[in-house]
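Note that chain A is present in both complexes that follow, paired respectively with chain B and with chain C.
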Partner chain A sequence: MGKNGKVRGFLGKNIVPLLFACFCAVGVYYSGTGIPTILSDLVNRFDRNALLVLSLILPVISGMGLNFGIVLGAMSGQVGLILVSIWKIQGLPAILIAMLIAMVVASFCGFLAGKMLNQTKGQEMITSMILGFFANGIYQFIFLFIAGGVIKFSSDLLLSSGIGIKNTIALDSMQYALDDIKIFGVSTKVDLFTAMMFFGALFLLYYLFRVLVKKNREKKYRIRLGISAALIVAGAVGYNLPALVMYKMMVRVPIPTYLVIIGVCILIQAFMKTKLGQDMRAVGHDRKVAASAGIRVDKVRIQAIILSTVIAALGQIIFYQNLGTMDTYYGHEKVGTYCVAAILIGGASVQKATIGQAILGTLLFHLLFNVSPLAAQNMFSNSMVGGYFRMVACYGIIAVALILHAWRSRVDRKKKSEEV
Partner chain B sequence: METVKKRMHQLGLPRIIIIAFIILIFIGAFLQGQDMKQLVSDSLVRFGMNLIFALAMMPAILSGIGLNMGLAIGIVCGLFGGLVSIEMGLTSWVGIACASLIALVIGSAVGVLYGRILNGVKGSEMLIGNYLGYAVVYLLCMFWFIAPFKNPAIIWPMGGDGVRSTVTLSGYYEHVLNNFLSFQIGGVTIPTGLFLFVFGICWIIRIFCKSKVGVTLQAAGDNPEYANSSGIHVNRCRIIGASLSTALGALGIVVYAQSYGFYSMYEAPLTMSFTPMAAVLLGGATMKKVSVWHAIIGTLLFQTMLTAALPVANMLLPDGNLSEVFRIIVSNGIILYALSQAGGER
Partner chain C sequence: MAEITPVLSMKNIGKAFSGNQVLQDVSLDIMPGEIYALCGENGAGKSTLMNILFGMPVISSTGGYTGKVLIDGKEVQIKKPQEAIAYGIGMVHQEFMLIPGFTVGENIKLNREPLKNGALSRVFGKQLRNVDFEQIEKDAEASLDRLGVELDPHADVETLPVGYMQFVEIARELDKSNVKLLILDEPTAVLAESEAEIVLDIIKRLSKLGIAVLLITHRIGEIMYVADTVTILRDGLNVKTMKIADTTAGEIAELMVGRELVAVKQRDRDESENKEIAVSIKNLRVDMPGERVSGINLDVYKGEILGIGGLAGQGKLGVANGIMGIYPTFGEITVFGKPLKLNSPKSSIGAKFAFVSEDRKQQGFAPDLSIEMNMVIPAMVNHDEFFRKFGPFHQIDKKKVEETAKKYIEEFQIRCTGPKQEVKSLSGGNQQKVCIAKAILLQPDVLLVSEPTRGIDIGAKSIVLETISRINEETGVTILFTSSELGELRQVCDRIAIVSGGKVADILPPDATNEEFGLAMGGK
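Let's look at the complex of A and B:
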């Protein structure tokens, strides 16, 4: 393959992220907002949404497509937050207990969802979407009518009539409880350059460990070692450069949450090397072959959905500890759609999704989300058009990705049947 | 006893549950002292104005596409037709006729395009239809903002440009069909014109199903491989199905709006495809089989339940929208039930 072919191959593979990167660039230019402001917002949005998007990966690998049912996970997360709010637990313990509750609820919901999806093989995505809507109805029924109506209790979370939970819940004591853990009174929400140095040092140690102790002397590790070192240097230089003082002042990186996100990425990576992870990959590749190799396909599929739902539940709790107020009845509704759009923008497809695509997609999607109203305000003198544009982009990308997938798999099937 | 059991089996579990629920609601309404005559009148009107949406599901299911989750595409075509008729200042019968005509023409044209896309994605029509529908609705949202309409009844009262979020039909063709030849029996108003119109559409669809095109359409939907080998253009049949479905959706919103009194613009069409889907399934249709009766019975049951549940639930619990929650649970529950009954691949 010549150089030209390589370029074309790269373009062909990454056309979607590249296209959206262009949209983002135009949006950033026309929004007329300073880069520090945009970056500060993006850091927060990534903090809020990364785990939710990462939760989509395992079902894709297991061949169940994009799990719109992570809405169930988001609801489980909110159940945890509502309960700790009623019990008046505060701060970091509240978040941790909410996470524990959410994981239990999410496992149960994920189990039921997995059972349902096994009944409708080949139609998992539409089923998971409708399942999300259905569960939303049940959720509303429980928290609008059962809470306070059937199960009587008194709490300032209830509406004035005593029946039903309020539309918005203030999580004041929990806000930034994870983002900004105080270690001996020292804030862990640091400025951009300190964060760069911190993560640079972290990666440097990790890759040094790989190179020196594990003797992985491959080229890619040496390159990554170099990048980590460069990150530290760039951080140190930026920290002392007066020209970049705006970045230092405005962009605050919540180190603990980012560590959690990195941790989940590493866990997913490690999980894929375990027996269960390999089974998931086999099931995703071909159910029949996997079944004949002695893998219990239905069980593996249920496990994939349970894990996905649990990660989404944790993601939703992190989302609200950053935001600080919870939208009880609409906060989870669009989670599935937004996250699916994000991972698709990152270049994933119905059959293949990686951690890198999830992260890139989250960044691009939320950058576009952030700048499009202002950009449209300046381009068409109407900010609503921008709001609608991002919805068109969001739903359009899902539709196009699904069409491409369905079209490709039909062509593949035709080829297969012709070979036979 | 045996015959009762057999009848119950014929009726099917979902219908038994819903009928029991409706009876319960009406007993509740009676005990609460609600205006029963008004309740029945409202149910009848709601049934009439929603029936065409349910009928729109028929061509799609018969031609093998399955439930048309992209019905919103047809609805926005109808909205456009409606706005054009108002822009031209047409009122009463001329207005609604013009709106319907434009809606049908644009709807069937767009439906052909939609059908072509769905032909490329056999097996995932529902999911893709849904997201195409959403994308089109938001695309049209952008269009409504910059659309060059001039009639002050359409554009925002202040600031000039763009379509307002609800366009009222009073003074144009509000209740034209509802009031035509309408009469009262024992305090219950019968919207004769509306019924004549929607049952007329039912009759036309029945005739269509028995015509040559209709029979080929059903053959193509029933068993595509067999139909293909016996010389039927399956893809063409599916395009006809999608086109008819979209056109009926477009006509549906015009009829709906003349009864409702408003065209709801912008994001309103997003959720409108779920109720008719649930209605035909409730009426006894499956992902593969449907008849006019399924649409009629399903819409009657579902709309009666929704209409009657609203005042009863509001009196029971003034805060919170209990009947809306029921709508979400019942409509998505029945779609889930149908999906699981259709069975997956092995």
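Let's look at the complex of A and C:
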């Protein structure tokens, strides 16, 4: 393959993210919003959504497609938040307890969902989507009727009739409880440049450890070492550059949540190197062959769904601790669709998804989500268009990404059969 | 000479599926390090024998088997495939059991990965131990070394040529610690000649390591090249077991095919000379899963019945499916001198082809519709027939439809309550007759008939075959008749092309000898 072919290969492989990066650039240009404002919003949106999108990876690897069933995880997260609100627990402990509860509920839901998906092999995506709608019914039944109606208790979360939980729940005491943990009174939600220096230093230490202690002398580690150092330098320069003062003032990075996100990425990565991770990959590539080698396919698939649901549950709690008010009955509804759209933009497909794709996708999707209404409004000079445009952008993304992937795999297949 | 105990003895094995005897009194003894060939046509009972050996659930759930299985001289009852593996029997299946996205090493150690403790296992317990990728590499290299194959354990299996995939499969079986008998099910079926040679050399090497090899194959050349002993199965019977040194390729071929023949079609063969070419196929390649065609050249003369035969999976079914554009097709087809647009069923029908598919249930008919509608719909759609027209409006001409259906019901002796009966309630043979009537109503120049007698009873079979001959004689339509039953091909065809490995191995007259047919099928 010549250089030309290589370029074409790269374009072909990354056509989806490249296309949407172009859309984003156009959107940013036409939205007329300043870069610092957009960046500040993006940092927050990434903080809210990254875990939810990351939760989609394991089922894809296990060959179960895009798990729209993370809606179940989101609900589990909300169950945790509702309970700690009723118990009036506050601050960081509330978040941690909600997470514990959510993990238990999510494991159970994930187990049931996995069992069901094992009955419908090959149609996991549509099944998990419908499962989400069905679970929504049960969720509403529990919190609109059972809560207060069957299980009597008094709480200011209940509707005035005493039956059912309110539509919106204020999580005032919990807002930013994780994003902004106070260490000896010092805020951990810092400006962009401090965050750059902090994470730069973190990565630098890690890669130094790899190169010096573990003796990984490969080129990629040396390059990453360089990038980490550059990040620190850039942060230090930006911090002191008066021209960038708007960035310093407006963009606040919640360090603890970002650490959690990095932690989950590392866990997923480490998990893929374990026996169970290896089994998931095998099952994902070819169920029949895996089964004939003695891998317990159904069990592995259930485990993948449980893990996915649990990560989604944690993600939903992080989402609401950032937002501060919880939409009890609609908050979880679109989680599946939005996250699927995000990971697809990142270049993932029904068969393949990586952490990098999830992160890139979250960034691109939410950038587009943020700028598209304003951009549309400015382009068509009509304020009505904006809201619709966001819908078109979101659902259009799923359709376009799926079509592009289908087109690509058809091209590949054709190439393959021509070789015969 | 001292008595050596056979690694595997199967004694007087018999097996019946619901009263239908598929294996009877089959015995074989395999010595350590011996290369033992098992050959026979499709349906001769080879796979049933292997299922018995591996204790597959199909056997026990259908009433078990009779006879004895002995491993190292001791009688055993194998109830699960895992038990067979524990006894040291390894099997490489015909279809590859490889994970496509995994490396060679990962595939060799699939689900037997060496593990070591890591950060996650220290916290969450043994289940999350890390896979030791370095050890995988070492083990894989050792197994590949024993085979004498140079292959990078890091390579992705997906990118390997097919032959190398076969090596990986064999290396995996070898990596299981105690293998003493390796069963290879048609290991060279999908390989190119040069790759097949390497596989055969590997087999010889294994035998030198003291591992016995049971080679299931129908390629007679291979048997002659590697095997020590051969057993030929036919219709579930142990026809003969011979030392290779005492036999010839011709004898094996004859024993494999040989069955008494019903009347072979007799025709004046000079007649078929100097005939107009109806269909000319050049370098036809069809990507039909399991029936790949890889470069067929064939001329079909006007008015003849050309048979296409060969063993299952060799590509004979791909020819008709390729002509009709049902699977991705490449190459060149001309019909009465005009080039045919490929990959388009519509233009194939336009070129006056009609197809009776081997996949009767899926492609043959609409099960919920009546006999008459099934017969006429293709003619309606493609030739605009059976309509009464009132300006822009069309109405189905019910009277004409019914009359036509009645005519064919009578002509083909379709057993039914009348033309309105739903096709799904007919027997397989009668369904097939509906399919043929449907194809004829298209008034084709060339009729493609694939496996028309598959799954139908003997009486219906002969009517179907008679019908095919009669249509040919009466209307002069050219027929391309694909079948896995050599007997019926010889009954109705003027010439028979034997397809092997996706190519035409030979074109034979129906009265050629069994040996000739056997050798062509065996790819020699």
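Note that in this section the second predicted complex is superposed on the first by the 396 of 420 C-alpha atoms of A that agree within 3 Å, B and C clash if a C-alpha of one lies under 4 Å from a C-alpha of the other, contacts with A are read in each partner's own complex, and residues count from 1 in each chain.
Keep in mind that, in the parts below, contacts are C-beta pairs under 8 Å (C-beta built on N, C-alpha and C of every residue); 3 or more make two chains touch, one makes a residue touch a chain.
Remember, predicted model here, so these are calculated numbers, not experimental data.
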| item | value |
| --- | --- |
| Fit-or-clash call for chain B and chain C when the two complexes are aligned on chain A | clash |
| Dominant contact partner of chain A by residue count, chain C or chain B | B |
| Chain B versus chain C as contact partner of A:Ala406, first or second or both or neither | first |
| Which of chain B and chain C A:Gly149 touches, first, second, both or neither | first |
| Touching partner for A:Lys273 - first (chain B), second (chain C), both, neither | second |
| Partner chain(s) touched by A:Arg281 [first = chain B, second = chain C, both, neither] | second |
| Touched partner set for A:Ala290, first chain B, second chain C, both or neither | second |
| Doubly contacted residues of chain A, that is, touched by chain B and again by chain C | none |
| For the chain B and chain A complex, residues of the former touching the latter | 69, 117, 120-124, 126-128, 130-132, 134-135, 138-139, 141-142, 145-146, 162, 274, 317-320, 322, 325-326, 328-329, 332-333, 335-336, 339-340, 342-346 |
| Residues on chain C engaged by chain A in the complex (per definition of touch) | 82, 97-102, 106, 110-111, 113, 115, 118-121, 127-131, 133, 285, 287, 292, 294, 328, 330 |
| Chain A - residues contacting chain B, complex | 116, 118-123, 125-127, 129-131, 133-134, 136-138, 140-141, 144-145, 149, 159-161, 163-164, 380, 382, 384-385, 388-389, 391-392, 395-396, 398-399, 402-403, 405-407, 410 |
| In the complex, chain A residues that touch chain C | 267, 270-271, 273-279, 281-282, 285-286, 289-290, 292-295, 414, 417-418, 420 |
